[in-house]
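What follows is chain A paired twice: with chain B in the first complex and chain C in the second.
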Partner chain A sequence: MTGVTVIAEPRPKTRNGTALLIGLAVVLLLSALLGLGIGSSSMTLERLLLAVIGQGAQTDELIIWTLRAPRVLLSGLAGMTLALAGLLLQRATRNPLAAPSVLGITDGAALGAVGFLFLFSNESNSLTVSIYWQPLAAACGAAVFAVLVAVLAKGAARGPVSLILHGFALGKLAQAGVTMLMIVGPVYRANQAATWLAGSVHQARWIDVAIISVLLAAIVPVVLLLARRMDQLLLDDASAEASGLPVMQTQALLLALAVVLTAAAVSFVGAIGFVGLIAPHAARLLLGTRALPVMIGTAFIGAVLVVLADVVVRYLFAPFEVPTGAVTALIGAPYFLYILFRSGRAHA
Partner chain B sequence: MHDNTLQDHAALEMRDAAAGYGERLVFEGLDLSVARGRVTALCGPNGCGKSTVLRAMRAMLPLRAGAVHLDGDPLENWKPRALARRIAMLSQSPSAPEEMTVVDLVRLGRYAHRRRFGRPGAEDRETVAAALAATSIEDLSDRPIGTLSGGQMQRVWIAMVIAQAAPVILLDEPTNHLDIAHALDTLSLVRKLSHEEGKTVVVVLHDLNLAARFADDIVFVREGKVASAGPVGRVFHAENIEQVFGIHCRVLHDEETDRPFCIPLAAKGG
Partner chain C sequence: MKRAFLILGLLVPVLAAASLQFGVHYTSPAEVWRALTVGGDDQAALIVTTLRVPRTIIAVLVGAGLGLSGLLMQTVTRNPLAEPGLLGINAGAAFAAVLMVTLLGIEAPLPLTLAACAGALTTATLIYCMAWLGNDSASPLHLLLAGLVMMALLTSGVQVALVSSERAMEELLFWLSGAFTNGQVALLLPAALIMGTIAACCVFSSRLLDVLTADDATAGALGVPVVAARGTAFAAAAILAGISVALAGSVNFVGLAAPHLARRLGARSHIRLIPLSMLAGASLALAADIASRFLIYPAQAPVGAVLAMIGVPVLLMLLRRKGTAAA
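Coming up: the complex of A and B.
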């Protein structure tokens, strides 16, 4: 070789995760403002901002604070919750197709929630126990179906599609259960239970927002502490184990957290589908593979998705209350088909 | 006590060990000791149990009987992270997402050393840099692994194993999907790790001549039993190989490398 000095090429800078996350937070804020401003009586930005800070007209403040704010907040929180659940499932199973709705866990939670209404209603159609037990019932339903999927898919042939098929079949089973309970159950419950089949934020109340906030505040720190483990889990089982990660224990932990998150979201807004699928993929596309930024990004994107889906519902379909879940499915289902198509060569 | 004398030179020791999958026992009554600071090759025909032995040495497979001792302590006494600080292992077909960068992947080798939370410390960064340098892949460090060739990828995996900074390294067929140039390259690196840094290496190899060229000790495994074991010069001879692999062969000696090599002639009874 001749004495050519090789000038080191400047290395491509690693993508600036922090800037992107701030960008996402801004998008979330704008979506929330849009969610607050749009409805049967749309407001100008000025009127909206005045009402938000409590300086607006009384009717504006009433509309914003009693009707729209809980709805927007609940949408955002439920979106975060479902998106995180999806991320945990994708990481735990190393399956790009995994999501709470795809694995039948949302349907399991819905069955738990509806079953609860059915079991604890008396002749006069009122609940014999507090409604606040409902999330627990949803969690039980979600847990039963998550364990069933895990056990059945473990015994069967491996591969991303096998797991999805098991989840799909079990999800159908849970849906059938929900349908039956709705038909044999008290009539007015049927209407309410329909919510869990499609997912909707129509009946958002401040108390719902409060409960889901508390649940998230308890679970999210645990999830964040698992970031390092989730990074290791990107390796195959043997390599992850060899690096010092207790693989099975970590997977079980992630699955359990995903179940709790799914149940929390489903109890309040129902089975809003595909958020848990799309949000982690979008975050990974933007932020790469490191779990911590991806987690935060996933939560933001999930929130944006559901808030915007609800805006679409209110703006395009008013006065009909189209379920929010229908809008997310409109984007999510084709995307799911796309990944399914690619999954032969994809690696979670 | 004979335990203590063994402990002086054996890094890993299997005693009367049995393990298997489901109903089937792959090996039973296996005694094997791995000398500290040397390269030990596990050789044998397909399905003889050499990979299973390796997995059992890393507690990836529960033993049905017997014990594996690391530094004189049975494996079940080691916690996952503590064990990972002593033994690193490269499995047969490791995988990671295609868009992960080389440096991110190598950094995963630091899991057992890093503080539970927070960014990688100075020691982590130095060890990762040293691992990238040892495998000559510094230039690739920001590349997504999906863009690498097979030979480059193998270097990345070995860099991850080096980053784990464990005194014992287990490698399961590290040359499997590599052409001869990359296979030689990989094994020279392994040999260097052992001879220059005193690592204890156990490597499953099915290519006899690569084993003869790069290992210090060879363990011949046949049908879940150790057929013969010892320094290459002592066990690498035609009689042993013919018995273990069921072939006729001739073993010659290369003066320049001072290593034996095997010319396979025919399968027995074939």
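Coming up: the complex of A and C.
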């Protein structure tokens, strides 16, 4: 059972972190350009760049600035947010399999968001209160499920896999609730339903981008300040306490931040899964274990993943709005199986 | 033990009768009886004969089939948490069936069932290899986790296939969380025959299944061809799951809860576990289906959502139990 923690061992090798981070930023920029260029009318790079700087044809500028730019930005920001949430959860639980989607937190947030739509809609399916309260409802849902998972898993058999199973089980419960509310509430088509069950960025608006940016700007500095504590948390409880870290308090703080981050992402893009799992792993593979570079790397990789997943959705499945979360799950689920069984073998 | 058979044996017909009576329109027992025996073309009779009778039969068949399938999987993998839904085998069957519908445009019941069975068998083979790979190091929890991730993967596949062919939400919900309402009536008889045959074979070889609950070395020493027996039983479980999916979409948690209910009632040997699991599965499916008609009245809740609300607590309770977590 303890075998799973083997891969969390610190890597002694130091790497040229700055160069790698700059490289990741370039990859992110290129993915964003790809996201802007690909769609029902593809553009050459020249036309695209002209439109971006405001010198292009009017239709090009319209397509870029009102349709694609908010979508690409929202994908990137949501990816960053979910990836950071995954990293915080993996550090807080010291469990490499943890992520907002596998711990049922994204489903809890989706339940909160759909519950909000259900409670505050009138007969003609229009909202009676401002939509800006929706992130708060999502945060409540996410928090309730995070606490439930933590409390129930604590009472049961210990071990990393047991924790994840509790998350999965409660996530199924939240999904059942979402389904139920969708039937009585204002959701009619499969793609809308899939948005809440699997996550999608196809309804991106500038206002969404603005709100999620503000939330990220508020939370990210706090997360960065916690980098040192996250390094200390890699030690076992006794050593961490001895190094002056209030372990329980730090874990609770990380968990709370992860809940808020998840809720922020889910209330705009739905329950996109597995980004929070893959991005921290990829970042650690590239950058080692020190929290600060890994954090920045995780955010970049998360953004790249969701932006590219959205490109895949638009390129392969247009004009249908296949949920972005289905694409991230197609990549993430096999990777999860790989970690699960690699760690099993390492133990044997 | 006799009492357990008596309780469940009575519960199934009682629930089935309730399932024929209750719904958005209440039908009195006298009207149900008249509709079943005489027929007629008034509204009450039509509701009973064309809607509620097939729905009830599907619930009984699927519940019993999944109960048996779950029992077989738990026996074969020696894992109390195994079940076709949580191991992703239902999702595999649904994915194959959905591909058949969306890519090839074939919606006839027979090819759909064959596709579902093929999908279930393929997924079952993958999961079984994983169980076998992780045999010495992985705990029962590892297998379940692998299954759940497999389920997430295949569910995404179903979503991609259905959304990219512009299907209605009902269809998505049918394949992902199951429904007893829109099954094909033509499938009922062949499905019942195949399920009955598999159940009979299981009862016939119940001693063999008892031996399989022991570890491989012990079972081998008792003269059982272990690998072949486990493989066959797992394949039978997958076929049961495939047929259930063709009838009612992916109905999860019944296969987990039913065998545990049977064990709770005191059954230990397979000769008793098999019929009790099937009866428990049928009761569970019927009860969930009846509840689904009233939970968000007058709309109908998806039965999968109702079963998740029953099944998740059962799963959490099993996770809490000692022995499940031990590697």
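One rule holds in what follows: the second predicted complex is superposed on the first by the 320 of 348 C-alpha atoms of A that agree within 3 Å, B and C clash if a C-alpha of one lies under 4 Å from a C-alpha of the other, contacts with A are read in each partner's own complex, and residues count from 1 in each chain.
Methods note: a residue touches a chain if its C-beta (ideal position, glycine included) is under 8 Å from a C-beta of that chain, and two chains touch if they have at least 3 such contacts.
Quick caveat, the model's predicted, so the values are computed rather than measured.
Engineer: For A:238, using the defined touch cut-off, is the partner it touches chain B, chain C, both, or neither? Pick first, second, both or neither.
Structural biologist: First partner only, chain B.
Engineer: Considering only the touch criterion stated at the top, classify A:228 as touching first (chain B), second (chain C), both, or neither.
Structural biologist: Only chain B; A:228 stays clear of chain C.
Engineer: Counting residues of chain A in contact, which comes out ahead: chain B or chain C?
Structural biologist: Larger number of chain A residues touched: C.
Engineer: Counting only touches as set out at the top, which of chain B and chain C does A:256 meet: first, second, both, neither?
Structural biologist: neither
Engineer: Quick check on the superposed pair: does A:147 touch chain B, chain C, both, or neither? Answer first, second, both or neither.
Structural biologist: Touch partners of A:147: none, neither chain B nor chain C.
Engineer: Just checking: does A:329 make contact with chain B only, chain C only, both, or neither of them? Give me first, second, both or neither.
Structural biologist: Touch status of A:329: second partner only.
Engineer: Using the touch definition from the top, say if A:164 reaches chain B (first), chain C (second), both or neither.
Structural biologist: Once the two structures are laid over each other on A, A:164 reaches chain C alone.
Engineer: Based on the A-chain superposition described above, do chain B and chain C contact any of the same residues on chain A, and if so which?
Structural biologist: Residues common to the chain A contacts of chain C and of chain B are 347-348, listed in rising order.
Engineer: Quick check on the complex: what are the chain A residues that touch chain C?
Structural biologist: Going by the criterion above, the answer is residues 1, 3, 97, 152, 155-159, 161-162, 164-166, 168-170, 172-173, 175-177, 179-180, 182-184, 187-194, 197-198, 273-274, 317, 320-323, 325-327, 329-330, 333-334, 336-337, 340-341, 344-345, 347-348.
Engineer: Using the touch definition up top, name the residues of chain C that touch chain A in the complex.
Structural biologist: Residues 130, 133-134, 136-139, 141-142, 144-146, 148-150, 152-153, 155-157, 159-160, 162-169, 171-173, 176-177, 252, 295-296, 299-302, 304-306, 308-309, 311-312, 315-316, 319-320, 322, 324-327.
Engineer: In their shared complex, at which residues does chain A touch chain B?
Structural biologist: 11-12, 14, 225, 228, 231-232, 234-236, 238-239, 241-246, 284, 288-290, 347-348
Engineer: Chain A touches which residues of chain B in the complex?
Structural biologist: 55, 58, 60, 80-81, 83-85, 87-101, 104, 108-109, 111-112, 114, 116-117, 141-142, 160, 164
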